[in-house]
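Each of the next two complexes has chain A plus one other chain: chain B in the first, chain C in the second.
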Partner chain A sequence: MSTDNTTTKRLLDLNLTRNLLISLAVLVLGVLLLESTDRYTNTQLSSLTYYAIAAIGLTALTGLNGQISLGHGALMAVGAYTTALMLDTETPLPFPVVALAAVVVTSVVGFVVGIGAARLHGPYLAGATLALAVALPSVALYFKGTFNGEVGLTVASPRPPEWFVSFIDAVSGEFATSSKYVAYLGLFCLIVALFFALNLRRSKIGRHWRAVRDQEVAAEIAGINLGRTRVQAFVISAAYAGLAGAVMAVVVRLAAPSAFTIVLSLSLLTAAVIGGLGSITGAFIGAAVLVFLPPWVTSLSTGSGLSDTQAAQMSPLIYGIVLVLVMLLAPGGVMGTVTTAWRRARLRRLHPATPTQKG
Partner chain B sequence: MAHQTRPTRRSRRLVLGAALAASALVVAACGGGGDDGDSNDPGLTEDSIKIGGHFPLTGVAAPGYSEIPLGHKAYYDFVNANGGVGGRDIEFIAKDDGYNPAKTSEVVNELVLKDEVFAIVAGLGTPTHQAVTNFLNAEGVPDLTVSSGSLLWDDPEELPMTFGWQPDYESEGKVIGQYIAENMPDAKVGVFGQDDELGEDGTRGLKQFVEDQIVAEVKYVPGNTDVGPQIAELQKSGADVVVGFNVPSYTALSQLVSMKLNYKPTWFYTNVGSDSGLVGSLLEEFSQGAIKGTSPLAGVYTTTYMPQASEPDNEWTKLWQKVWDEYGDGSPLTNYKVYGMSQAFTLVDAMNRAGDDLSRESIVETFEKDGSELSGPNYVPFRYSEDRHAGIGGLKLVEIQADGTTADKTPVLQTDVGDAPIEEFTGDVGTPPESGIPGGE
Partner chain C sequence: MNGDIQKLVNILLNGLTQGIVIAAFALALVLIFRSTRIINFAQGSQAMFTTYIALTLLNRDFPYWAAFAAALAAGFLIGALLERVVIRPLEGGMELNIVIATLGLYVAIQALAAILFGSDYQSFPSPVGVNGFQVGDTNLALTPTSIFILCTVGVVVVGLTLLFQKTQLGLTMRAAAFDGEVSRILGVKVSHLLTFGWALAGLVGAVAGILVASGQFIYPSYMETLIVFGFIAAVIGGLDSPVGAVVGGVLLGLVNSLVSGYVASGLVTLAAFVLLMVVLLLKPGGLFSSAKTRRV
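After this line comes the complex of A and B, so read on.
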């Protein structure tokens, strides 16, 4: 009995250490990227952080738990508006506190939606969350006094504190601008989000989510409460969207209804699909495609002699083609394909004599 | 007054100075700005000036609005072919934001930090442009002739680099209100407004004159295409004059629904919503071809603040037609292209006036100092000064005719926000120079 306990404990510790190391590695990589690139790439990386946070949350919900959501853009709006309102004071609270508040508020909204969502499946769930994506931005128009209608709330960028300025000065010898500070805030939030997601996947909760996704009946027989697990997944996923919204508010410096249309929800879903549903690395890849592909296509098109309007129309076209190609050629997304290929290669290496057995 | 304005002016200079210093620092730190021009500002070289703007080139707001950058491009090509601005060619970049503020912030970052434009010009839309004003002012980037009639751009204290362009919606509402009060004193007035600053500012201006006459006030939310309930409410209230503060697609929708309900009030639409060419084509599309041409808008009142594409005999329109024929893409000249070319004309004038000393600081100074003297096709001069960053200061009321042309209902009127009086503008409207390019003298 006692040996059993120590093994599980050691395993847990191994897991924790591994996840901590991964998160630290990504942090170091992030700092290196931010300090070695120009200011424009810095702003793109800031956008990448909030897309990645939201995509991680969505890929966990869809990939691990099998629920679909077309309403994550609206949940990001909840986080963004909470942030905008809380930063709009003479002496605003520090950003981590504000972000945490955004996470809590969005989780509450996610809980309410999740209770309804837990009873729905497939297209019905997609429809219900779609309604959320369409309806929620109108709340900002209806309660105009608080949310300032169509024009939205401007967000004062948090000022870089002194320790941050001296840190940047020490790392790269540059002057820390407020947009650089915002990029670091995004990176910090992303690392926290990543660490939790890594742990979640290998924890009891993650296993429950997968069990519910793969075989409801078996999961129920095993003693898993289906409804509770689904609501739990939705709330945690909403928390990610809330954090992403908080980062988005300070990056974009505005919370306005037109920034949270159905298009945002759909692009988050496509990011998760392109990267590979359920894969955290995939969420990063999908977010990177969202951020870097459109400007790249546009500048390539302009460079090849197309007019500004034609170049602008090229980028959604190419994005659509990429999505269709991924669906046709790599239905598991980038990471799904990579993992399958790797597994196959390993299988072949382990059983070189029996290549046909698999078929 | 002088005592009041002096310290504020000084603080504004400080902000401006700090912004410029910060941007200079940044440029120096990035190792950029190896230009050979007289000024080290980004986007300027010995033989080029790079400027850019954000527009909805794709998406729901694209029809009409996406033609504004075409007008800019054509006019700059025309100027470049005739020697440019002091020997420098103007390079104009239009970026697509799909009318989404998050996207606006991304493309403006790209314009300022990657393409390193000298100035942002004609950035389109209120929520979209609002997402970038703080950034542009903190970076010290001139933010000129914003394509929106919101009052937000007229804030020299907070936004020293930002300048509006078209008449504000409140002034427009006042002019319409006064006309109704004087010429239709017994009319029951209904208001059909977009639920944002377009509807709000406009209604505020209107109410200064016809508050007692208003019998119904309805709003619509952009994106919701069902305006049946709103129009029905106006009909029920017995309003025989309806003033619409809305965008072109809602002009078409409100006309269509009124036809269905057999509701025939006298319509007023603001300049923004009344482009008869666009509304006509939208009506044709919405009604699936049942309604053709611009005749449904005959008898509708609207306002204009500069010559339109439908006035081929006007000297300005002749110039635009000539430029468009030579440097356009062969499509017909529209009011949106005219709008873009008119902005471009004024910008070229300002750049010429700044002359060889052209820099981010000097272009802002030119706008503030030369202000009302900056030339363009606008009937009434700009309101730019050190204390104001508001654009064109007046307009006239017109009635749309069956052939799409307009007939004047008032002389050109000059006014401003708040309780500023509405007065007939007696100054010279002016004609374009022979060369078609403002000389800057």
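After this line comes the complex of A and C, so read on.
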């Protein structure tokens, strides 16, 4: 096939336009959701934004590049602590600048870890990142002076600027609270993260990631530097975790070691796996499960006679069982299963005579 | 005795005890890895669960050794069950899928234990005393409990060595681990052996779980750091060598104890992580691996 410059350019534009439209659609949907729901749901939606950002980063790393990370909870901690420290001044910088700084710091940490991780695979990588997840919180405990030990840092909530107050007044006629502003900050970060991920997946970088995942030798022969590609994937994925941590810090208003346990890392993995590894839509589905499942399960189990502490453990129990079941029954997750079923149905409709293909 | 020397001796004794427990747990990981090339991340949760079973029996006034035996039996059964129900169907698929499945078991079993046994700290007894021996008028960090731990791990190591060197079962297990296909052709029931391997690992893990808990407090996530330490020790030892696991465990225990005693106790996990990365990057085959090259 001959490559025509104008065709390539048009294709690129088409992709860009399409991704821009998708991102705008999600933005509009997000604003509508935030303005039509009550305060409690608003907070839940803010949590959804940071889980989704982190899950997109992890699903790209694991789904597209084939690297697993159990250290993303710890990387979120890096972003959250950076944010907490930077907002803790008389005149804090605007949140986007702070978030950007959190992304940069976390990317640097991700780079260091990624250099080691690039040479590992499968269980080795899982074990090494698990060790990271256990080790990193202890740094916060050791440097008590800076990170305030077990108690953690309280995060000053960013104050909504004038233009935001008047915008909300125009949209819904209500007064813009600080928590509403935070929800919008989360939404804004999510849209940026989404747009970037959509482009990444279809770009040369995304194709390189997949090539390295599927056929190391072939990728290397095709001129792809395996190590550099893996480190790049890890750094970008870490940047997502850093952004998620920054949003989490302002939503939860606290950065403490107890929030960034192995269970957080494993929850993120659950989100990516449930939705379907490598799928951005899947990351949204997974993040929604992380936000909306626990309250539902908890109220259901306290209703059936479990104590509060027992009920709080029901969601991790379900996450764990779901991880195992998805691997056993539908390794593609929600999106993988839906896509396969849809393709099969279309194949059957188009060629009624052909026997169903296997796999 | 000079104060500095006393401190060093106690740190080394502490490290030895801690290391031997890590070694026991690393052995469980190695048992599974050498036959299936899988690292069972749920091993710690399984061991935690069986220790809770022992504690439940102890609280109902069962004798110590009955509770100990029950935990081992439970570990054996849980190991076999998990291999049959979860791992077997995933064999031969993508490597990552098995990793994710064992991680799922890790979370699920830990949460289940918290629901069944509660999340509070509960003290777990030691069959012997926990007060240090005295030499002259100085206290040593050597307690009857640490001697009990050393002896128990010694029994486990001798038992495993005899199993793998002297018995028909152990020898066929080694054959199956070395080349499954050829063993199968020669009439060895490899699939039964894999199940037995997981069961055995479950039993050894259960021993490690009780040893860590002896004279300490247990809670649903008390094995969390030991999973990491056990993994690191097993990697140092080369992952497929039981001797390597023991040496790796003791080495890591000593390093941990030295860091904790002379630098800061908060930095132990970080030091262990750095040690792991150094070993993986510089000597990926581990210090004692028989194989010349290994992809990590």
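Assume the second predicted complex is superposed on the first by the 325 of 359 C-alpha atoms of A that agree within 3 Å, B and C clash if a C-alpha of one lies under 4 Å from a C-alpha of the other, contacts with A are read in each partner's own complex, and residues count from 1 in each chain.
We take it that contacts are C-beta pairs under 8 Å (C-beta built on N, C-alpha and C of every residue); 3 or more make two chains touch, one makes a residue touch a chain.
As the structure is a prediction and not an experimental result, all values here were calculated from the model.
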Which of chain B and chain C A:320 touches, first, second, both or neither: second
First (chain B), second (chain C), both or neither touched by A:17: neither
Which superposed partner A:215 touches (first chain B, second chain C, both, neither): neither
Which superposed partner A:146 touches (first chain B, second chain C, both, neither): neither
Partner chain(s) touched by A:225 [first = chain B, second = chain C, both, neither]: neither
Which of chain B and chain C A:309 touches, first, second, both or neither: both
Touched partner set for A:62, first chain B, second chain C, both or neither: second
Partner chain in contact with A:37 - chain B first, chain C second, else both or neither: neither
Which superposed partner A:128 touches (first chain B, second chain C, both, neither): second
Intersection of chain A interface sets (partners chain B, chain C): 138, 141, 263, 309, 313, 315-316
Chain A-touching residues of chain C, taken from the complex the two chains share: 38-39, 41, 86, 89-90, 93-101, 103-112, 114-115, 118-119, 224-225, 227-228, 231-232, 235, 264, 266-270, 272-273, 276-277, 280-281, 284, 295-296
Residues of chain A touching chain B in the complex: 38-40, 43-44, 47, 138, 141, 144, 149-152, 154, 156-157, 174-175, 177-179, 248, 251-254, 256-259, 261, 263-264, 295, 298, 307-309, 312-313, 315-316
Sites on chain B touched by chain A in the complex: 25-26, 29-30, 57-58, 66, 69-70, 73, 93-96, 98-102, 105-107, 109-110, 113-114, 126-128, 130-132, 134-135, 138, 150, 152, 194-197, 221-222, 329
Residue ranges of chain A touching chain C (in the complex, touch as defined): 62, 66, 68, 70, 116, 119-124, 126-128, 130-132, 134-136, 138-139, 141-142, 262-263, 266, 269-270, 273, 306, 309-310, 313-317, 319-324, 327-328, 331
